[in-house]
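Pasting the structures here.
Below, chain A partners chain B and then partners chain C, in two separate complexes.
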Partner chain A sequence: MTELNAAMVERYRSNFLKEVEANVEEGEWVKMCMQCGVCAGSCPLGNAWEHTPQKIFMMVRAGEREAVLNSDAMWMCTSCYNCIARCPRGLPITHIMHGLAHYAKRMGLAPKEQPTAKFAQLFWDNLVKKGRVNELKLGISLYFMNGFSEGIKTSLKMKDIGLGMLKTKRMSPMEMLGGHGVKDSAGFQKMLKKAQELEDKRISGSTD
Partner chain B sequence: MAKKEYSFYPGCSSQKGASSSNYLNSVNTMCEELDITLNHIPDWNCCSASIGYAGGGELPRLALSARNIALSEEHNPGQEIVATCAACWLATRESSERLNEDNSLMAEANEALAEAGLKLKNETPIKHMVEVLIEDLGYEEIGSKVKKPLEGIKIAGYVGCQTNRPFGIAGESFENPKYLDKLVETMGADPVENYDKKVQCCGGALAFSEPDKSQNMIKGIIEAAYDGGADMIVTPCPVCQMNVEVYQDQINATHGTKFKMPVVYYSTLMSVAYGRSAKDSALDGQVIPAKQLQEIADK
Partner chain C sequence: MTEIVATNETILVVGGGISGMTAALEAAETGKQVILVEKRAYVGGRISQLYKYFPKLCFPTCGLEINQRRSKMNPNLTILTMAEVTDISGEAGAYTASIKISPRYVNENCTGCGDCAKAVELEVSDDFNYGMNTHKAAYLPHKMAHPQRYVLDPAIIGTDDAEKAKAACKYNAVDLDMQEENIELKAGAVVWATGWQPYDANKIQPYGYDRMANVITNVEFERMMDPTGPTGGKLLRPSDGKEAKDVAFIQCAGSRDKNHLLHCSRICCMASLKQSTYVTEAWGDDASSTIYYIDIRAIDRFEDFYKKVQADENVKFIKSKVASIVENKENGNPTLHGVDTEGYHRYATEHELVVLAVGMQPSVDKDAFPIDITINEEGFIEPSSENGGVFAAGSASDALDVNRAVQHATGAALRAVQVVNRVARAEG
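Coming up: the complex of A and B.
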């Protein structure tokens, strides 16, 4: 168990709802859910989920901390915003799902081999490096995220798509050498560092 | 009509050599014809789209968009921000709204921005290019520039998710937005009536991490277009465009289908209808060529 996770378990004891309200993006909305189930029927990948948003919100209130943070559900969200458009209580469901996913990751409880959890992390690491996404490097790290031999297989499978993109100039091998980025890299990095510090303080320093 | 000017946020996928560079090329052509000037936000950064949340918490992600808005307010003061990418538009507009609603987040965002010598006023409206076309200009204005009506082409208007929800285009419904169909008509082509996968999700970023599940959804989107007699699909979103266009061979191999459906941007349609060349309209960016548009452009 990570240190932060242990500290949070200690602080909130059995009140997971309170923990979510204090530490999860838009978490203060969870208690507004009236369990109508509209969101549950809205997710495009719904049949592949362990838990629907409705179920997740119920579990948060029931204090099922491990089960929520271990769930693969939040990582199956495609950010389609169907739920937000339909929820009669106006819950920002998409953002709560993202927030819970991020919190699970921070606590070290996100499912280990979840492909979207891995990809989403690769995406973030890629963009913070230079301030802009390098699609080529992101693609390559994606193909190889499950190890070298898997990566070769995926790359071969994706070869024709790559060639199509190359031919239409929608992919550039030059991206391998540096590629696009922000000019004020120093300022950009300092800004993100500060934002991270403030965010960390919010979570580890928040008291009930 | 008076010349219009906007502060423009192109986004990562529109950069040179990136997956929707063809989108930007055709947008530039379309804007030339419509007398719209796009002033790029200098030194803009990635908005982290809808998939940055694993590594990026709330404030770091808000800071990313805050930096873009602050740069825009500093360098292009008084100009509304316009984005062509659905994810860019959504992330930027959502961040702006969240920061307006929450004073303590706003103070923290400015504390972070100060490290880069920036300050956010957050007074700038954030629009999608489609809002500019439909709300700021209107169908009449965009129709008045048509030189070569796209006669005889049947087009399925695929709106997708993020240009539609949660914000959408004024006066349109979430379940059956009509603006893309009206735009197709305005260009002289025939929209597919009742295209029932119009707002179906394509998987978004999960097309990378959950390819099989996403390709199942993409298959439905293309099938419904064929069922409606479509010659091609048009979309306002770079994620939709890429997902629906480039996986067709893989879907054919898995499902035994024979898809070869061109997927174009509205800006490509409009550039061709405005009489511009295939190159200016970015038809050279089609992985699946849009032959009928090519013929009109070459005429």
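Coming up: the complex of A and C.
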């Protein structure tokens, strides 16, 4: 268990709903759910999930902390916004799902081998280097996400698309040598550091 | 010209549904002069379009008949039909109302024989049956209509059909020269009883009311059961006229929803429970009703009714707000998609007919009231001292069943009587 996770368990004891309300983006909405089921039935990926949003919200209220934060459900959300559009109570469901995913990650409880979680990490690592997403490197790291040999296989499969993109100038091979970035790189890194500090202060076991 | 005597001691009732009728009769029976203004060609309002009443499952026509007899016997009550209030000015004890009376083209000589209807050829949409069928452009709005007098649809005025209607009438009742009239009336107090309208099901996009013939509304379902209704009292589905034995009801269709009506319409749970008894009444043990609900709100003593329906083996309950409906193109069955809250099971279930339990919305638009009055977020009239001598009655004030609407209307009548009593004392 990470230190932060241990601190949170200690602080909120069995009241997971309170923990979610205080720390998860849009978490204060969870109690407004009336369990009608419209979001669950409206999700285009619904049958591919372990738990639907409706069920996740009930689990939060039932204090099923581990089961929620370990779940892959939040990571499956594609942000189609069907549920938000239909929820009769106006819950920002998509945002809560992402908020929960983020919080699970902070607590070190996100599922390790979940592909979208892995990709999110790749995306982040790529972005923070230069302040711009390097699509060539991101694409390649995505292909090699599950090991070297599978990476080669995927690269070969995608070869024609890649060449097409090069031809139409949708991708530049020069990106491989560093690539473009924001002008004020030092400023960008400072900003990230500050944001991290603020975030750590917000979610931390030691304050208030 | 319509000759009406009205003074500051007169009570004006706007809307002649069960609430307006009740308020008008209660006030008139205390000896007050009452004028009832009704937009439709007949009084009774929406209850006249119901097949049976919950919880007793008696026919609304019975109560209507009693009210009609009371009103015929009472000389203090004047009823204006096809009339609308367009403006009200003044204050408690001294109002002036402007009223527009549309031409009926049929006068008091009408005996209700129906010869004009036989003569006319044009068919127009039958509003009484929510447009599920058409009727002749000379028509009696419904069998029990009060007054029992035919109406000519304005569409035939100036055509041969109008002349045919006139020629067919043996009683000289068809009067093609009738014009719209605008009159002014005085009143000391106003009872506002304009009632409700069903929420527009077309706005609930995922339920496809506009796309699927076999998705209908609860008000239409009531009309189907009426022996004189569009299907002759049979539960037949609109797409192919097949007997509808497997019927699904979807609760809160447009109610308790921030995208539609915010409020719980209160009566639609009971209406669907009642309508499930229609399905059983029609098909016996071949009947199958499935009620999809968030929670069943059978308030107060209605709980007993709920229990009785639960005991019917032909009625199933599924705790789930249906997410969407897709049509099975092969057999016309609507397929309901959703997740069952009790166990979180995903379903895709076909039914022969789907009834949307649409809610009650105020019939008068928030911004269309002819007088300044306190209106809440949902468009219902709130009690307030700022309303002066204007009192809401029945479902213009909230989503109410008949019993509660009538109680509320009686209270409104009492308040109106108090105002005109004050006027009478002041005038000595």
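Just a few scattered comments:
Quick note on the criterion: the second predicted complex is superposed on the first by the 204 of 208 C-alpha atoms of A that agree within 3 Å, B and C clash if a C-alpha of one lies under 4 Å from a C-alpha of the other, contacts with A are read in each partner's own complex, and residues count from 1 in each chain.
In this text, a contact is a pair of C-beta atoms (placed from the backbone, for glycine too) under 8 Å apart; a residue touches a chain by one contact, two chains touch by 3 or more.
Remember, it's a predicted structure, so these values are computed and weren't measured experimentally.
With the C-alpha superposition on chain A as described, chain C and chain B fit side by side in the combined arrangement. In the superposition on chain A, contact of A:38 is made with chain C only, not with chain B. Of the two partner chains, chain C is the only one that A:54 touches; chain B does not reach it. Using the contact criterion defined above for the overlaid structures, shared-chain residue A:119 touches chain B, although it does not reach chain C. Once the two complexes are overlaid on the shared chain, A:65 sits clear of chain B and of chain C alike. Once the two complexes are laid over each other on the shared chain, residue contacts for A:164 go to chain B alone; chain C is not touched.
Once the two structures are overlaid, the count of chain A residues touched is higher for B than for its counterpart among chain B and chain C. Seen from the CA centre of chain A, the centres of chain B and chain C span an angle of about 70°, rounded to a multiple of 10. Taking every C-alpha atom of chain B against every C-alpha atom of chain C, the smallest gap after superposition is 7 Å. Residues 85-86 of chain A contact both chain B in one complex and chain C in the other. By the touch criterion given at the top, residues 25, 44-45, 48, 76, 78-82, 84-86, 94, 98-99, 101-102, 105-106, 110, 115-121, 123-125, 127-128, 131-133, 135, 142, 157, 160-161, 164-165, 167-172, 174-175, 180, 182-184, 187-188, 190-196, 198-199, 202 of chain A touch chain B in their complex. Residues of chain C that touch chain A in their complex: 206, 252, 256-260, 294, 319-324, 337-341, 344, 346. Remark: chain A residues 34-38, 40-42, 46-47, 51-52, 54-55, 85-90 touch chain C in the complex.
Across the complex, chain B meets chain A through its residues 12-13, 15-22, 43-46, 48-60, 62-64, 67, 108-109, 111-118, 161-162, 164-166, 174, 200-201, 203-206, 208-210, 213, 217, 246-247, 249-250, 284-287.
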